[in-house]
Amino acid sequence: MNAAAEVLLDVQALDKRFGGLHVTRNVSFALRAGDRLALIGPNGAGKTTLVNQISGVLAPSAGDIWLRGENVTRASQAERVRAGLARTFQITTLAPHFPVQRQIELALFEREGLTGRLWRSMDSYPALQAEASDILARFGLRAHAATPTQDLAYGEQRLIEMALALALRPKVLLLDEPMAGVPKGDGARLLAALDALPRDLAVLIIEHDMDLVFRFATRIVVLAEGAVLADGSPDAIRRDPAVRAAYLGG
Amino acid sequence: MNSPMTSTVSTAAKAPAQPVPAQAVRCAPPWRAPLLLLIAGLAACALFPDQLGLITRIFIAGLFVLSLDLVVGVAGLATLGHAALFGLGAYAAGIFALQVHADPLLGLGVGSAAGALTALVSGAFLLRYQGFTFLMLTVAVSQIVLSLVQKARDWTGGDDGLSGFAMAPLLGRFEFDLEGRVGAGYALAVLVLMFYAAQRLVQSPFGLAVRGIHENRARMAALGTPVFRRLWLLYTVAGALAGAAGALSAQTNAVVGTDSLSFALSAEALVMLILGGAGQLTGALVGATVFTLLHHTAASINPYHWLFVVGGLLMLVVFVPPTRAWAWLRRRAGGLQ
Amino acid sequence: MNTLFNILIDGLAYGMVLFVIAVGLSVTLGLMRFVNLSHGAFAMVGGYCAAWLTREAQWSFWLAVPLAIAATALLGALLEALVLRHLYRRKELDQVLFTIGLSFVLIATTNAIAGPQVQLITLPPLLAGSVDLGFRTLPAQRLLVIGAGLAVAAAAAWTVTRTRFGVWLRAAVDHSGTAAALGIPIRSVQCASFAAGAALAGFGGILGAELMPLEPYYALKYLVLVLVVVAVGGMGSIAGSLVAAVLLGTIETASRYLASGWGSLFFFVAMAALLAWRPNGLLKR
Amino acid sequence: MNPSRRTLARALIAASGLALAGAPALAQGAAVKVGVIGPFSGPFAHYGALFKAGVEAYVASQGGKLAGKDIEFIYRDTGGPNPGQTKTLVQELIVKDKVDYLGGFVFTPNALAVAPLIQQSRTPTVVFNAATSAITEKSEYFLRTSYTLWQVTVPLAQWAAQQNMKKVVTAVTDYGPGIDAEAAFKSEFVKQGGTVVESIRMPIATTDFGPFVQRIKASGAQAVYTFLPGGPPNLGFVKAYNENGLAKAGVQFLGTAETDEFDLQKFGDSALGLTTAFHYSGAHDSPENRKFVDALKKRDPAAVANYASVGAWDGMYVIHKMIEATDGRKDGAKALAAARTLQWESPRGPVRIDAKTRHITQNVYLRKVERAGGQLVNKEQQSFGPQTDFGLGK
């Protein structure tokens, strides 16, 4: 843990109920610049619900979310993005019919606050187009710039998810199962992309692939039935008997 | 050809995608399609000088369906209440001509503003909902508007319609004539200009974002788009276009009836749009033209049973989409050469 | 006080008519997720069959009604098997376009065969009269509608929630892949469900004919009303449709007693308010 | 400018020049062209069919030619009330088809929409049906062979007062003609010393008339004056009137066009005894009417002798006389001058065109529905004598 770095995301005593269902119970953790925090837990542990609350899709029932020193518990998704938060989704792609290049351009327009412009053509922003091409090149997708996203291989679509989030130049990145459904052979490019994430970025990742988790994470939070079961370094988690009992040991 | 998205031939998802150069992504110039429309419109007027009434109706229907396309095709909000925007634009232009001033361009502005205002107010409520709920709420809103217009008989003439207003000459020079030359030219000019504006809108970053919302609302929200505000603005712009179409209808007909607010008009416009291909602005114009012409000819040949023709065609179009039919025809033509 | 009772009784009767016409759409649109705008056309077919059987063929009402319903179900099953099944996976707008086209053709056919006049179903003496309620009378036919409406609601709700067929239907719609793997005869379930929806439409067309007279344009004229009931009641919720129909029927009736000068304004204001309050249906939160 | 653009610009200029040049006037053919506007599709299509049967039967009854000229009918379909489309159709009829006369019109807004066109082109236009008083004021080329609600309602109100009715309730459909009817009845009945205890307006989309009939019952009136738009609502209202016990309670029914012959047979026994005041009954007993009914049935066995078909028949008579007066040439002013003084024996009885209003002056009859030879008919009880349109100038 690099305790010296600035706290970027601070989740404090978060609670969420759906009617009688208690899906998040008093969850707290903090994320600093450069952190690679993995959120693990069995299916139904409330991982995605938690990410949805942090990104603003769901409003928590109680507790606070601080983003770069600002309380964003009641802020809209758009405000959180502007404050430096970006996320990816488990299975969706942004716009299946758009050419890949357009997807990235759209994210860039959004970052620059240009999507309220009604008249000037979307083709008349050469700087952003160049940046979009660069991003595609970085992910090895430049040859597919004009291909409709739905025609790409599944693994490549996952890469675009990540490219979109990074195009927003976030300080905090939430990755919701980036490897889900990707065939083993296609995983290498994704792993490379994960390793190439900017150093000072704070990353929260949900993932089921334990090899990936233990290779990538600097810290792990284990969630069970909505509550934090354990929180510590990968080594500590690996040795934690409670975790072994509830999750790893099965 | 207008859509910035349809850059490549869509290959089946299974096959590995062929690399496509980035240049193919660029939009067509926004003036090209409106210019073609202007030429086609003038040619139609020149070739059929005694059918200008029908041609004017096609122009107006085209503008209305264009507006509907922004909402349904671009933003992905299926509505059956679009006639409310058209009808209120028509009534506003008619009442303005009757009570305030008979100048057509001022009236056009008033009608357009009425459409935009209606969209602004109703959109603030409607756009909080999605899908089938949104669709049914648009029906409710348009029926409420219809009831109010019927009730406000002193202003609107109720079910007898609003009539008795005459338009002043266009630009102070061109009288609206019996053959409808000025009416047709006026409607065409407004249609071309608004088509150009809509084309710019669709090709702007705003248009791209709205299409993004259509494709995946949740994902766009996570990208930081204020979804509601984008849709609200789009709906208001569409309201301005629909209101302008209504105003044109009021001015060239010198009468407004409650049919301009009816469910039937909303449904008919939707049929025209799907016929021409939702999402493509030129598709909206093609659909409006084909449907209006078909209705007119089928009803002239045999006014009794034109529903057979139209009903049969609608069913056919679903199984043989126009784009596929075109592709097939082209292949056949190519094979013959 | 008397007015209040009148509103409640007439509202219940009117609401039940709305319900019996709408319940079939609650099956095809609500449960099968097929945007079936030709629902009104099926109701019309049922009504016309019953009218023809009772008037021209001089059949007894009690025999003619089941036969007319069976004929409508058969037409529904045929159309489903030949054409409509290819549309289940298509876009909703395609379904809209096709079923509107189908309605147009059925309207034109009806007009060509039977002419534009209103068709009446001859009622048996038992139903033709009025029943004395003490402070007023009520047409006996309305009592049949109320009874039949409740029976249909109970039977349909039971079929969907309690029988194996209902489980199959929901599985076929929501998880068609899994359902096929489990050996559920998806095609038969779909076809039977659609036929049932058509049969219910025909039943509604017959029972509702007293208030919604049968004529060629029937197919589209009452479509909005029916869609409103299904939307407010909630997709696929038969109990919801029942509550929505009675509630909206009562509101419409009350506006006729108290504020008829405003037309259908209150009906649609109520609809908008209810939908805005419970977008997923009256009985769902 | 590159070459292709220049070509484009030339094409544009040429095209716009062509557009503004317009079409040269075509030489007129020998036949007299009559455009007939009506609903030929949609829920009101039977009006169109009756117009067609009426005008064609008239021409056939004259030996196929009028004043020695062939007649060419051009039918145009408006669907329902749709003023915009009607205007387009009429514009096309005048400009492209160059019709000499226009006839038809079921709906008031459609008729109002064409007033500027016929005024500008001086096309004599005979309204076969639309019944709002104000129509003939909108252009001096309008003539009308139907009726107005004032025309038939005023004598009915007078009769009701003479029958010692003191309290009447009005129940009309909430649109232009209904409000005309309500105003006509109210003003005349009050003038005669009666009281209108309640004025009910029923929405145009009403299907369940039960609530309104209950209100009529609760009002304690001796009679109900009603106006309905024709077709299914007529049936619905009469059914509710019987089923809710109004007929039994002795609340008298006063109507006008509600017992229209077109769907009278559908009412069954529930229609027996309904009282109406109207200008035409299919059962009117006169040689002219028998000739009309025979000609109509010969043309179209399914056609019914009612106010729409007789309006078309008499409208064609007026057009016939205008063709005679102008010798088949298009001369709107001359034709109108001739039409203003017309007076003839119509199937409905003696009629004439009022020179000032260009509306038909005709007898109005009190009728009761009776059974004659297995059929329900509107049996004329008494004639109120010739009536003009009382609605103008109100």
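Each chain gets a letter, A, B, C and D, in the order it is written, and its residues are counted from 1.
By definition in this document, contacts are C-beta pairs under 8 Å (C-beta built on N, C-alpha and C of every residue); 3 or more make two chains touch, one makes a residue touch a chain.
The model shown is predicted, which means the values in this text are computed figures rather than measured ones.
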Worksheet entry | Chain ID, smallest distance between chain and overall C-alpha centroids | B
Practice prompt. Just grab the chain with the largest centre-to-centre distance to chain B, centres being mean Cα coordinates.
Written response: A
Response to the item:
The distance between the C-alpha centres of chain C and chain D, rounded to whole Å, is 36
Discussion item. Suppose each chain is reduced to the average of its Cα coordinates; what separation in Å results between chain B and chain C?
Written reply: 33
Worksheet item: How big is the gap, in whole Å, between where the Cα atoms of chain A centre and where those of chain C centre?
Response: 48
Worksheet item: Centre to centre, by mean C-alpha position, how many angstrom separate chain A and chain D?
Response: 72
Worksheet item: For chain D, which residues are shared contacts with two or more other chains?
Response: 45, 49, 174, 204
Practice prompt. Enumerate the residues of chain C that touch no fewer than two other chains.
Written response: 111, 261-264
Item to complete: Spell out, as numbers or ranges, the residues of chain B touching 2 or more other chains.
Response: 150, 304-305, 307
Discussion item. So with touch defined the way it is at the top, what topology do the chains form here? Options are line, ring, star, complete, other.
Written reply: other
Worksheet entry | Interchain pairs in contact, sorted by label | A-B, B-C, B-D, C-D
Discussion item. Per the contact definition, I'd like the list of chain A residues that touch chain B in the complex.
Written reply: 55, 57, 76-78, 80-82, 86-87, 89, 92-99, 101-102, 105-107, 109-111, 114-123, 125, 133, 142-148, 150-153, 164, 168
Item to complete: State the interface residues of chain B toward chain C in the complex, per the touch definition above.
Response: 72, 78, 125, 128-129, 132-133, 136-137, 139-141, 143-144, 147-148, 150-151, 263, 267, 270-271, 274-275, 278, 304-305, 307-308, 310-319
Fill in: In the complex with chain C, residue positions of chain D that touch it
42-43, 45-46, 49, 174, 200-208, 210-212, 214-215, 217-218, 231-232, 235-236, 239, 243-245, 262-263, 266, 268, 302
Worksheet entry | Sites on chain B touched by chain A in the complex | 4-5, 7-8, 10-11, 13, 15-27, 30, 200-201, 203-209, 211-212, 215-216, 218-226, 230, 233, 237
Discussion item. Help me check something: in the complex, which residues belonging to chain B touch chain D?
Written reply: 38-39, 42-43, 45-47, 49-54, 56-57, 150, 153, 158-161, 163-164, 166, 178-181, 184-185, 249, 253-260, 299-300, 303-307
